[in-house]
């Protein structure tokens, strides 16, 4: 069922335009231009420190938490709305654009409370509704079968992979349109990684995924489109297959063949 | 198919992102309201600091003008003139006569020494024997006071007699008594009973012998005795002239005070009041000159030869002192002549009087002085003592725990030292009164330690005692900062040093400690801050004598009692009336303390900042 | 190459010096430990008897449940010495008649220390409530809201300096600010009021709260405020940044984030350090000397003489009076343990009769404060083990 | 000089002879025990709790360094060491170099001055620094700091100089300078160097030992080992087939 051809939804849901971003005086993103298509899985790859995480974190404005971070120039538009314009409510924005972090970090509370956290802060108190949402999102995150009998247990008692899937469940409980994932498998073992990848593939089409990864194999396995970053600039972006097999840029080629670290 | 297919139909996303109209008050949103609340809470720290300054200043600010007015009256009433003459003369007088008296005593002792020794030995022995037979004596006394029939008395009486004679036989008798005398004395001792209230014949005899010798000796040292008397009498005439002036000046002051307290009283016309005193100035000066010449006479009368060396030494001192004092009298004369009773006391003078005044005298019937120097010296000396004790201890402990101790040792050393912080200062003060004071005093009486300056000490409560306890209070602060600083020295330094063949100790003292120095210094300064601001320990233990310690003792000065800045506030504030000069003076002391603490804190911060951004 | 040892140690004296130095350092550390333990042992040894009695069940709680009073020491002609309270002294004297040899009275040294304990508890209650509220709010600002800048620099500087201000200066501040100036609502402003704001139905008069629990508690609150702020900020900082990010990424507002996913995880730590603050507040003497403490008081704070209610007083009147009684507790001056010890140590002679009261109070006080501090240290270690994220 | 070494966990049954006045490189994948081996030679591992030699011995100048009569400070004076990360003390340049002499009790000012000049010259730092010997050592560049550490190590005239990846924290130019320096130093000292950079081993060393999982796989003159490895493991490592 999921949309097979990306070209079926031609308009980009996120478009980054001449985006410059800095921490204090240290600029980390230079003139980034990047359309991200709706309902695709887009992977950001590149050596560490290349700015891919920063771009991801500026899409839901979570970087606002960092004191010195600031937009130098340029815009990020989601569905035509400039995210950094004063009319945008960052809280509402984050409800629509979910995020999963590199280090799985469930709150030291029950599994249920973790799953419905987003709903609770959105002001939903109806018990049945919360229960429904928890079941739905845990099922979506393929965790329901494993935890349905111990929803009241402490989330920190789960295994690493389960904790990360719980974090994904927590993010999709709010039914966001876009899910940002910052190296979601970096802290996991291969089996847990495989499960998460499977999960992403199963959810593909329902959400727009943007995934930062340092693992090129992973990008090949799950992404429709891949963007290569180097030193704060977008070097190349394209269909994953194309980018890995016939890179259009020397740097990209060096990187995907492992010569550039 | 995945269960997420109930994804809402693709509505346009854009509008969902926009800000909705929500709660707001005068354009302030809920979020910024919360934020403002917390920033207001944060500013409490600043506000409190400012309020402390405000309230200290409010009550302390009036001090200078009050003190100025008080000093003004002091001057215009002529009291200052009296003090100008009397105080230095009294000091000189005390110094020279005490030297002369000591010299005379030494001289007399050369002749009467043996007789005195014999007498004293007998008195001591009697006391000892009585102490040894105390239980029997008490038993007998019980029977006696019970007015029991005489026949029941015999038994306890007998027991007492036996006990006494036992004691008399067993007690060692010093060699100053001849063997015949010992025999006699033992016999007499055995008769010591409660009914026998007369002195032992032996003691009476010895007393008589001593008195005879003493009279003879005094005759022999007549010149010296005469010199002592002359010196004692030297300022008598001066004092005599001063007495009525004193009275008059005080009268003037009281009139002025009455006028101050109520407008109904007549205004005091100071020049008129001062006139008799100014008129007497000439007489006073002649009397002063007279005193000078008497001193010279006394000096001339000093005997050239002495029997004892000590006396010779003391007389030599007197010979040096007397000409000096003659010069001093000239100085006094000058000052008295220069003194201008109508010159108004300035604010600056009052401020100087507070900062550098050597006297803190309150509730005096004569004149109150609020000079902070005695308190400051007390505070500083005690802090120095505390730091000198605490610094080596806490640095040793920090170096040991961070560099040498095994994990198990660390496990109990660190909590114990941290625990000291929790001991309330009042408890330490109590320990100083109940335990440490006596401990130090008894240790100081060990003959082995007599060579130490100031030993043996008489005052149980003194600066050293307070310093020891404050040192203990400063240890945890200094220890934890020093230990942190030492632990934060990179491991690579130690590795490099050891690879060069340095021993562990060399590594520690040549590389690690210097690298942690700024942190250690910050710790010492914070310790100083704690010590100088501590109240209860010094209030209880420092001895509370308001005087500048006598540095003539050298290092022994630390065993003198003193008062402190903190102690004086705690002690006196409860007993003064609100708004009086004394009350204001105490708040001024508070301001001084506050400034000191800010300065110490600032220095500590400066050092700590060097710690935060070290290297290069 | 010589077959002998090329690495032989050549310097015995250097090694001896090394060992000596090491022992010196060890001695220094152990000396401090020894002194601490010795003080504790001495106080326990001398103070414990105040809580014990010779016969079963060996524990005498009267020292903890009686108010302080004057100690009467009566000696009869047989040399027997009785220590007793004023009332019993009368009866004993009557019994003895002629047999009475001497009677000594020692103020403050009789009875127990219930009054001081209650007073200290009240002071601590007020001070910790105030300091905790202000301190935690301030810490939340510093840790969650503040951005680098002049204001935060000033706040931090103020906190540091506040921590260094001598406690007796806090006492002066409390006297000036709370005892003599703080605002009260009253119909009849006192003459000494700094100024009065008429509110219509009543007046807001800046005439101070007088020496009372409230004044002392507020003064103590500012003494421990820096401790609470610093500790709370550390606890807030220890909560992983990830929790905040996640919570924000799930669409929580800043305040929701703090309330739901920062404060709950920092609370155990904050409470732990608050215990240390309690120990500190309970131990301070100088700030309460002029603001709250009395040397002697023969009533507990709630045993106040209120006008007797008429016999037909309704429920409401009773209720009103008990509320008045409860609130009145905070506007009374009280005895406090540290000040009581000061009185015992400084104002009465040291002799065998006063010793028990002195050491007894010091012992109880030290045990109270020390157990608080020990609990705090113990909790800190265990919480650190338990809350790892 | 030769040493044999055998311990249980980190290193097993190693037998290795290091020749006088030659540069010996230890190479191998990370975790293979090359640093551990190096740190055993001057017993720096004594600092690590629980580290011990369970079997075998290390002989330096014919003496087993774990003998009871070996004085640790003397051993370390004669077996100098340079660490991976440059770690000058927070003191002046002069004091850094003089440190080793001072802790060994040299007090004579002129002797120290001479030693400082000699070792700074040998470390090719003298010309750059002679005018600011009393400047703070932490103000130097990374490469200079590392050379200063080398100067500090050779100030006590050790017989053996151990270097634990001395260039890993440096940029290429500084690395080049250090390598030049090592080649020069080999004239006066016996150098043992741990490196993860094979090119470096080729450039500076006379002998190379290849370690893998705590075992000595191959030990041969450098040229021979790199051009004609005897073991299959060495060959595959050199060609980068495993890492």
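Order as written gives the chain letters A, B, C and D; numbering starts at 1 within each chain.
The working rule: a contact is a pair of C-beta atoms (placed from the backbone, for glycine too) under 8 Å apart; a residue touches a chain by one contact, two chains touch by 3 or more.
The structure displayed is predicted, hence computed values, not measured ones.
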| item | value |
| --- | --- |
| Path length in steps (a step moves to a chain that is touched) from chain A to chain D | 2 |
| Identity of the chain that, by mean CA position, is farthest from chain A | B |
| Whole-Å gap between the CA centroids of chain B and chain C | 28 |
| Distance from the mean Cα position of chain C to that of chain A, given in whole angstrom | 52 |
| Intercentroid distance (Cα basis), chain D paired with chain B, Å | 62 |
| Intercentroid distance (Cα basis), chain B paired with chain A, Å | 72 |
| Two or more partner chains touched - positions in chain B | 503 |
| Residues of chain D engaged with two or more neighbouring chains | 73-75, 78 |
| Residues of chain C whose C-beta touches two or more other chains | 14, 253 |
| Contact set on chain C toward chain B in their complex | 14, 18, 21-22, 24-33, 35-37, 39, 42-43, 77-79, 134, 137-138, 140-142, 144-146, 151-152, 154-155, 158-173, 175-177, 180-181, 222, 225-226, 229, 253-255, 276, 279-280, 282-286, 289-290, 338, 341-342, 345-346, 350, 358-359, 362, 365-366, 369-370, 372-374, 377 |
| Chain A to chain C touching residues, read off their complex | 60, 62, 65, 67-68, 91-92, 94-95, 98-99, 101, 103, 105, 107-108, 117-118, 120-122, 156, 167, 170-171, 174 |
| Of all residues in chain A, those that touch chain B in their complex | 1, 13, 78-81, 83, 86-89, 92-93, 96, 136, 139-140, 172, 175, 177, 202-203, 206-207 |
| Of all residues in chain B, those that touch chain A in their complex | 1-8, 12-20 |
| Residue numbers on chain D that touch chain B, as the complex places them | 42, 44, 47, 72-78, 80-81, 83, 85, 87-91, 99-100, 102-104, 136, 138-139, 149, 152-153, 156 |
